[in-house]
Amino acid sequence: MNVREFEAAAKAVLDPVHYDYFASGAQDELTMRANEEAFRRLALVPRILRGHQPPGLGRTVLGSQASMPIMIAPTAFHRLAHPDGERASVRAAAEAGVIMIAAMLATVAIEDMAAEARKVADDPALWFQLYLQPDLGFTEAIVRRAEAAGCAALVVTVDSPALGRNERGDRNDFHDLPPGIRCENLRETGGSVRGVVLSPEISWRHLDWLRGVTTLPIVLKGVLHPADAELALRHGIDAIIVSNHGGRQLDGTPPAIDRLPVLADAVGGELPLLVDGGIRRGTDVVKALALGATAAAIGRPVLWGLAAGGQDGVARVLALLRNELLNALTLCGCDSTESVPRDLVLRGAM
Amino acid sequence: MNVREFEAAAKAVLDPVHYDYFASGAQDELTMRANEEAFRRLALVPRILRGHQPPGLGRTVLGSQASMPIMIAPTAFHRLAHPDGERASVRAAAEAGVIMIAAMLATVAIEDMAAEARKVADDPALWFQLYLQPDLGFTEAIVRRAEAAGCAALVVTVDSPALGRNERGDRNDFHDLPPGIRCENLRETGGSVRGVVLSPEISWRHLDWLRGVTTLPIVLKGVLHPADAELALRHGIDAIIVSNHGGRQLDGTPPAIDRLPVLADAVGGELPLLVDGGIRRGTDVVKALALGATAAAIGRPVLWGLAAGGQDGVARVLALLRNELLNALTLCGCDSTESVPRDLVLRGAM
Amino acid sequence: MNVREFEAAAKAVLDPVHYDYFASGAQDELTMRANEEAFRRLALVPRILRGHQPPGLGRTVLGSQASMPIMIAPTAFHRLAHPDGERASVRAAAEAGVIMIAAMLATVAIEDMAAEARKVADDPALWFQLYLQPDLGFTEAIVRRAEAAGCAALVVTVDSPALGRNERGDRNDFHDLPPGIRCENLRETGGSVRGVVLSPEISWRHLDWLRGVTTLPIVLKGVLHPADAELALRHGIDAIIVSNHGGRQLDGTPPAIDRLPVLADAVGGELPLLVDGGIRRGTDVVKALALGATAAAIGRPVLWGLAAGGQDGVARVLALLRNELLNALTLCGCDSTESVPRDLVLRGAM
Amino acid sequence: MNVREFEAAAKAVLDPVHYDYFASGAQDELTMRANEEAFRRLALVPRILRGHQPPGLGRTVLGSQASMPIMIAPTAFHRLAHPDGERASVRAAAEAGVIMIAAMLATVAIEDMAAEARKVADDPALWFQLYLQPDLGFTEAIVRRAEAAGCAALVVTVDSPALGRNERGDRNDFHDLPPGIRCENLRETGGSVRGVVLSPEISWRHLDWLRGVTTLPIVLKGVLHPADAELALRHGIDAIIVSNHGGRQLDGTPPAIDRLPVLADAVGGELPLLVDGGIRRGTDVVKALALGATAAAIGRPVLWGLAAGGQDGVARVLALLRNELLNALTLCGCDSTESVPRDLVLRGAM
């Protein structure tokens, strides 16, 4: 019926420790809750009598064609949610014509994800998420794997100079993957999540280096401050995902959707903005589009669908949100995802 | 005692599926709840020692004389609430001298409603609500029926280019009327609610067409954006109902009462404004009048009265609100419904 | 321990119908709750190291000397709270050196209250509250009784052009006093509360008439709009009680304490302002003084004390609030009730 | 896991009366709760890709070197929390390189605390908190003891011209220490807490006197009003602790953290500001630093650690907060406690 019901269904089948891993946020989870609450506080003021066909939902993002402006955000460890793991997620995404950002910490290798996607779609849109590693050789190797697998963009997570504090995880003593599941993109270093270094030493110079070693579009994920968006422009970044990591890194960061218009003002249309964090409804996507996003990304909803029903569950989550988005755009009087005016959103009314 | 008690009484007698149909709103029901909450957040700053007779409540709206500035908003399927259905509602309205807007999706034909009304009042004020249909022949036929039945105005619902998502209804699998009950205004097409087309193709040109085929005043119901109010002026519309459809269409629209002053500024007194959504108290009506409404319309309260007691229940709801309104106006120091100053309402105080 | 505990104690001993009469407010009781909540939302920013003696609490109000800037607001029917009724309340007030405003609807005659007060104090400060009656002869007669009894001021309630809607009272079917208890100030007309007329016809001309028939200071109780405060100045009124009748008349009026600074700006120091509604703590009194009140009046707390312990209970409530006020003023760095600066109060911080 | 869990652990082992003494605030505890809530309402907007080593946490405050910008605020009666009392707390502080402000109402003498501290650290940073007494001879004597014990600063509590009203304490009838525990800094006057005079007579002249009798830095604790901060500058005060006494003195004072930027503007960098009240997380410390504090002080968390585990418990609380602070600073993109920009904190976003 809605994403919330998928979460309930997922909770019913998941190992509680794994449910907590997916559901939890950093520390007091203030940001995680604020992400969803921020959408509820934004009102929509629809226009009437616009006289158009049902709105088209298609969107092109950095050259990747998508059937709707909803992407799959990178999330780790899909095989904890369902034995098929990222194979199921990527098949559902490819079938739905949705851009999926494969996680560096996926439990299925990027090559295998790409192969799965191509089983169901001619030109699936697969992007690759990356934590830049101080070991540039290792980083370059994984970039080459993503390129070879046909990934169309690199998404560099930049909000993780350290690991956020997850107290549910600590309470559950959850620090390692169970036997038989590993980070397949890290198999050269053993496949353990502990092989990934999150370091404050990573800097714009590392981005410049990356810019030099790949021709793929580079997307920064985790930008919240407008000064950083301006720096991104200067460093030739291709797109930004406005994100607080779903509230999993620094607790107390503001809701991503509220930062979106601030960053939109900062970049002045010079690069596309994406947003994730708290998107649970088609109306949330409309709000994101109105405030300047080219597309919105969902993380946990995909995991709830995956846990509840494997590939089919993910497909149903995507279909549900597509239907909600179509309904919301229609009710707002918009005839496409590109004609969502900023004054559709009203602050302070709810 | 108050409208809330009527709702409780109605809930006690109604089929839960039908109660949900009337009580529910779209999706998360944020707008539905916000409608009522918005009234509670508006304060009233009364004047003192005004020295006048008890205030008169009468009001003329688009030529229809009303005994008070409270109208009955169009709501569908009254026979789900009570076997007498719209016959009971319209008799109570006519007896009380209240303008009733008959719904296109009524379960009693407009001709029969008009006949019932004339049994109890010489000149009952009956308006007719309409979803403009892409099939203009069908639309014209129903307009002619409304004219022939003596309706004094046409209320065109413009917030429904698609059907809002009602999750309580979906959960209850409520999509059709029970045997023996049908949409009597649609009997030429079988009387099924599914005969009504809600289409984004409907545009201002359809309104212009309607303006050409009838001399009745045309009222737009469901306007929230000031730019649309300005368009309404240009298209010769006669009145506007500021409404979010009781929170049943697009979830996340702002409370109707909060949009009222915005639209009042936009139309600058050039056409009368009505408002519905969340009116449960006489003080709510005073707030609507202060913020620029000529009258306020009630939807669900009529259904609760109808369910709880048929015609008599509706009459009691109307009498209750009339008494509350009289009391509230008196306590505010107003001597008529036309002398309610805007500075009676204070924002940010509650 | 605090006023809240007195309320609990009173609730334990009172007939529930009578408890509801005292405790309830109009309709949804929004204003009643907002009165208390408004105080909690005001912060106090104390000053330090002021170097003074413990602050004196004495205050003169319209020539009446009071041992502290806390008065007893007029409340009806004290014999419902305790058999001794207003005899007990007025003795406690006189002993404490507190100004008491006797209610027109007292269940002990004003003459008897005055006599009781003089048993315990040489010059007790007793004021008289009045609903102006369309029957001016009756009104004059009661004014003469108040004058003869030695009342030092007349408090005219101006927020009651009609009776507010009390749903708890209606639910309890509470409309008359029990046998043996009557309104002793109305004994010439039978002593029934129904003898009092609340009429919207009462106007400034009635006030002008009253100004002509008595030399007592005239206080208006129930002013909330600054335009009315300006009118009061022009009509030679001596003081204003900023009040929403404890939330018992028009539900939805703003908290009295929030209107106080607005009215203080309107009168510009030309007449003293008093305030009632929601005062439960010594800090509340400090907030009232900072925002421009000469004194603050308490209603329900006196009734809780009276119900819980008769004269002694009222005395304990007054002592409790005196102690709290002394403590609060000291902690704020104020050396008297007249040196409470407006910037002691901060909005928007709590 | 976090400070809240330490409180739960402490509550489980403490005498409920003593738990209430530590946990409670004045009257309705509005300020106490607001202190914590205010931190949750401040958002953090991190910067990215700053490229630095893990941030150093060291800080020098008034010449005292500290391993992190978290101090121990003065709190009374540690032996109620644990038999080792302040001996345990000060050992944990000294071992952690943390500045501890010893309370005048400590249950271990300042000389003994200093001796304990020197057992574990060469140059422990111990400050001494003082209520200025009208008996200047007594005051001077205790200052001399603090100087002789090697205290590096005097912290004068200035928000206590009277004792705040603690209703939990009154309800528990808690007014004296149990046998065997006394205020060891007051042993010359019998060691009873009742020997301390809190008087509104204390003024800036007493501060001037103090300034003349000691060369130690003088810190004012309990400043909330910017005018007092300016007076502090003029009177040669060395630092200010922005504090509402943990909500234990005047209920209704604003959250300390919200006053910090106001006082920072008032002093314009001319003296260091510290802050206490509601700090429970490393992110809270980062917020304090961003808003102008040189360091933040914790009170109750130390007591919870002490109660739960004596010296080791305090050590664990300090280690926990240190880790949280290191993580938070890293995630914010700060490379030291001195490079925390004001625009890291955003109001109105949570």
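By written order: A, B, C and D. Residues from 1 in each chain.
Quick note on the criterion: a residue touches a chain if its C-beta (ideal position, glycine included) is under 8 Å from a C-beta of that chain, and two chains touch if they have at least 3 such contacts.
Owing to the predicted nature of the structure, the values given are computational and were not obtained by experimental measurement.
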| item | value |
| --- | --- |
| Joint neighbours of chain D and chain C, given as chain labels | none |
| Self-contact between copies chain B and chain C, residue sets same or different by half | different |
| Whole-Å gap between the CA centroids of chain A and chain C | 60 |
| Intercentroid distance (Cα basis), chain D paired with chain A, Å | 43 |
| Numbers and ranges of chain C residues touching at least 2 other chains | none |
| Pairwise touch network: line, ring, star, complete, or other | ring |
| Interchain pairs in contact, sorted by label | A-B, A-D, B-C, C-D |
| Footprint of chain B on chain C - complex, ascending | 27-28, 30, 34, 158-162, 164-165, 167, 170-171, 200-207, 220, 222-225, 227-228, 231, 249-255, 258-259 |
| Touching residues on chain B, where the partner in the complex is chain C | 1-2, 40, 42-55, 281, 283, 287, 324, 327-328, 330-333, 335, 343, 346, 349-350 |
